[in-house]
């Protein structure tokens, strides 16, 4: 830790994405009463998870065959994710939801610039690297980042209440000649700054949530985008694709896109004989 | 947005391809009456979706094991795709259609040449780049493209009523040494022009629909080809494969090929004890 | 079309390979009478398809877990393939055959040498390239190829009645530095000639059927080999693997190998309580 | 064996990881009595395996869709793994546990530095390489490593009783230009030393168990990390990713992360109607 | 055939590996009598196949989730493999064995050195290459290899009766810059000799069976290792991995490892309520 070649990061919510196929046919075979009760139980649990200070839950109807429903759980602890997973699995409704995919991660603010500034500052102070004084000073400066209200707000913000959501996992390439992890720190930092500028040029149009999954899942990061216009997803990601950080160094996993809705509309999603009335 | 390295595009219909395996054996176990009613319900929904000004629906019998039936939905909005998906999923018939694949995208006209012309024109006008005046002028010039009748017609054309269909997704390569996204704009534009010439040499023989899927699905683009002679698909794609834009820079996904038919022939497809009479 | 960089080809039969797992346990649960009738129905259909002038059908018992049975359909039209597929799917027996794989293609004679000769000949005649006269002359010369009895015989030959069959799909490599599609025509033609010589050195020992799948399936070509001695498959393919066209430029898909049998032995395959008596 | 280019290693426990999906719905359909008895039987077996001197067993609730439960078996012999596998498969509870993944390996201490020292020492003794004297001396020096109490303790330590576990398999890259196995011994040894330093900088925060799987499973090594804080997994693996041994030469498989619990809490995991009380 | 760039080989047994998952739960639901009879039928068939001069059969309990049971069939002909497959599939027990993987190949002795010697010898005799005399002489010299008792013994040896088995398929790499098939013959021969030396240094500890699968299965070769100590697999394969033939040119498929047992212990494997008593 604290290696000058490695950017520090701040962590917020633990995040669990779960993608389910809905077995509509089996569910429809239940009596109306049983269906009603199982949706109500789910509604109650999800509303409770969404309303809690210790977490949040997002629901989205997905388009395409990969899955029908995406649950996005936020929790203060990894155990909180496990508990949310268990609680949903114990629902009667879970018998009709076949898990198809998932993603385990923790909300993360990467600190390429700030890490470099901290190392520089400690260099100026002429402390012996990794001495107790140096470590304490490092922690203090990193703590300033963590308590900076702008960062704190992003670490613990609830799921953005925008109508459309796009989720995908990604890696930084470790190819035989093009390898993000062997680049000098300054070059990586410069590319991340350029990359961030594109994101900022979409300010107001899209809310982005980055989470780190190294050690928890098969990709290094997860990206959630939230917008009021689904075309924004294509415009933003396509423009970024020409940026060096993506063009040369990004590997993408599967993309999930859909429409967010509230627990109180769960019944339209599961039992509606007509088209579900999606909310927000 | 408006970065001179990034081609602009125009968007039309939202498109959802759905590929299903038909569980013939389970369906045949239904009573003739139930089969009849469920096909009739499907027919009614699909005819309504196909007849609407706000969308379209295409049906194709696929050849090969990947799927038996492909539905192609067009809708004016992303929500319209979600609604079409839900409506089909609520059909009795959906209990006998197992989703095997899908593709979520939006019809797209790429504007490599026009984008360059707009940037050049704005350069000549000596407006401050990205100033409100510059942005307004850019929007006006792009709007000319959008309202150009030839483009407008392609953005909102219904599904081509030709007998044979071929669908495949594709990416532009981001290899370690061969990387479309790090090429200079002019070089990409030149290759796209060459690529388009091959397409035009097949004018009249094939109708091509390109849609963008970045942010919605796992490939960057979807390609639908429609023709009256299925051999044209092989001739066209094979010739393009020697063109630099494909030879060096195209990655292809799975290919689906089949025969289009109309909702009114749905009964032949699902219940016909003999060979289905395919239409058009 | 008619681009001098692109080899012309002649097309014959449309071909559909279907690989099925046989659900023996469920089939055995039928009454002997039902089993007998369903095999008889299948026999009748397959014998009719095999005896027709408009197509053929091959049956093979496969070895290994990928599939138990391979059907190879030949048809004069793409619609003929769709009809053959439908007809088989409507059999009672199809309820016990789980589709595992398939390949859609069209029998193809590649004309690397002849195409070059035609372009040369037209150059000598000093016709304006792509003028109506040039196109007519091109068509006439290509037509000579098509009606050459040796080619015509290969385009429309029935499935070779040899005991052993080996099927695999393949692509030509489009790597970042080794790319078949960016090679000069003459170099590709030279390699195809060398490649063909190996095939000819196995003359009499093996019958080879090449089909093109671009636009119809996920690989560019399918290869069927038929022989009276299964060791010939290994000897031939291994020798070819050292030839530049394969060594550097061939990508191979899954291999299926098995023993051909006739529709009249279908009962031994499906119901035989002892070992099936395989024919030819 | 004993090739100076190949590092020696010491082996301890044979290890079998098993990842299961729990079919909660089918299990819930059992009578309370049957559920109770089947959990009790499992508890008894697992407690016996965990309490034995000849092995150990770890249980973890996983987060995400890949699996719900991970069993980690330790055994003194490969046969012991097979017996543990059989014993679990014979449990009534096994009918509700669907195997999703597994990993077969043997705990391994790599001896890059010690192997080089042994070869150097034998060189100094001027023994004829691979003579009986040389071999005996080699065995004696390697035996010193094996009986070194620090190594012996690590070879046969029980599963670390920390709350969080992270498991993933990995390979060393054999790329066309970047190939671990063609590097000189000294360069590999130097990188392994650097790599080990990062691990040691996390001393106290994480317990690492490396096992070798060459010949037994599809990856070369398995890595288990155990910690009291799950964030440590991300911090450690991310820092290592910038280290040459990982940045250039490591390929990673799927990551499994979860929360360890004791056999005595099995009932909370399987039957608990509320949230399971996970233990330490 | 007989191209000086292509090594000749000798072929012995046809080999079929079959890997099955055992559906223990469904099998246990049978009456004790039915279970007994179905195991007895299997025992009788397998004992007969194992005792025959025309083949052999090996049984192994596998460790890990990929499969529970591996059958290794040897037969004098390809038809013999098909017959063995059919015979097993017709067993009552086969209803409880789900095929998960398989490998079709033929036992092969590669003759890199002998082929070169034959070509050299024929060169010295000044025969016209590929003339009838040359071919006859080639056949005679190759026949000497085939009838050499050491080779003949290896071509038709029964399955080694050692307790542990390890099976994996492999390819020689055809990368863009590292390509086994474009190397000069002499360089390949030299590497194969070095590779063989490692194998010989494990003489007595391991029995190796190489089989060729080109034309029959998805990998080029299959490798079976048999040993009395399972650690030998790791030591041997790891040492080979540093050898050029493996380090640069080998691609490996999935590894299966397990414990061999005899047909007479089939009942312990399938019905044993305790741990199966594995034999040898």
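Order of writing sets the chain letters: A, B, C, D and E. Residues in each chain are counted from 1.
One rule holds for everything that comes next: a contact is a pair of C-beta atoms (placed from the backbone, for glycine too) under 8 Å apart; a residue touches a chain by one contact, two chains touch by 3 or more.
Small disclaimer: the values here were computed from a predicted structure and weren't measured.
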Joint neighbours of chain D and chain A, given as chain labels: none
Fewest touching-chain hops separating chain B from chain E: 2
Copies chain D and chain E - rotation angle from C-alpha fit, nearest 5 degrees: 70
Equivalent interface positions on chain A and chain B, same or different at half: different
Separation of chain C from chain E, taking each centre as the mean of its C-alpha atoms, in whole Å: 29
Intercentroid distance (Cα basis), chain D paired with chain B, Å: 48
Per-residue overlap in chain A, given as positions that touch at least 2 other chains: 176-177
Graph class of chain-chain contacts, one of line, ring, star, complete, other: ring
Ring order of chains, beginning at chain A and proceeding to chain B: A, B, C, E, D
Residues of chain A that touch chain B when the two form their complex: 24-25, 61, 63-66, 68, 164, 166, 175-178, 198, 201-202, 225, 230-231, 233-239, 241-242, 244, 246-248, 254-255, 257-259, 272-276, 278
Residues of chain A that touch chain D when the two form their complex: 1, 3, 5-6, 11, 16, 18-19, 78-79, 81-83, 85-87, 89-90, 94-95, 99-104, 106, 174, 176-177, 179, 181-182, 212-218
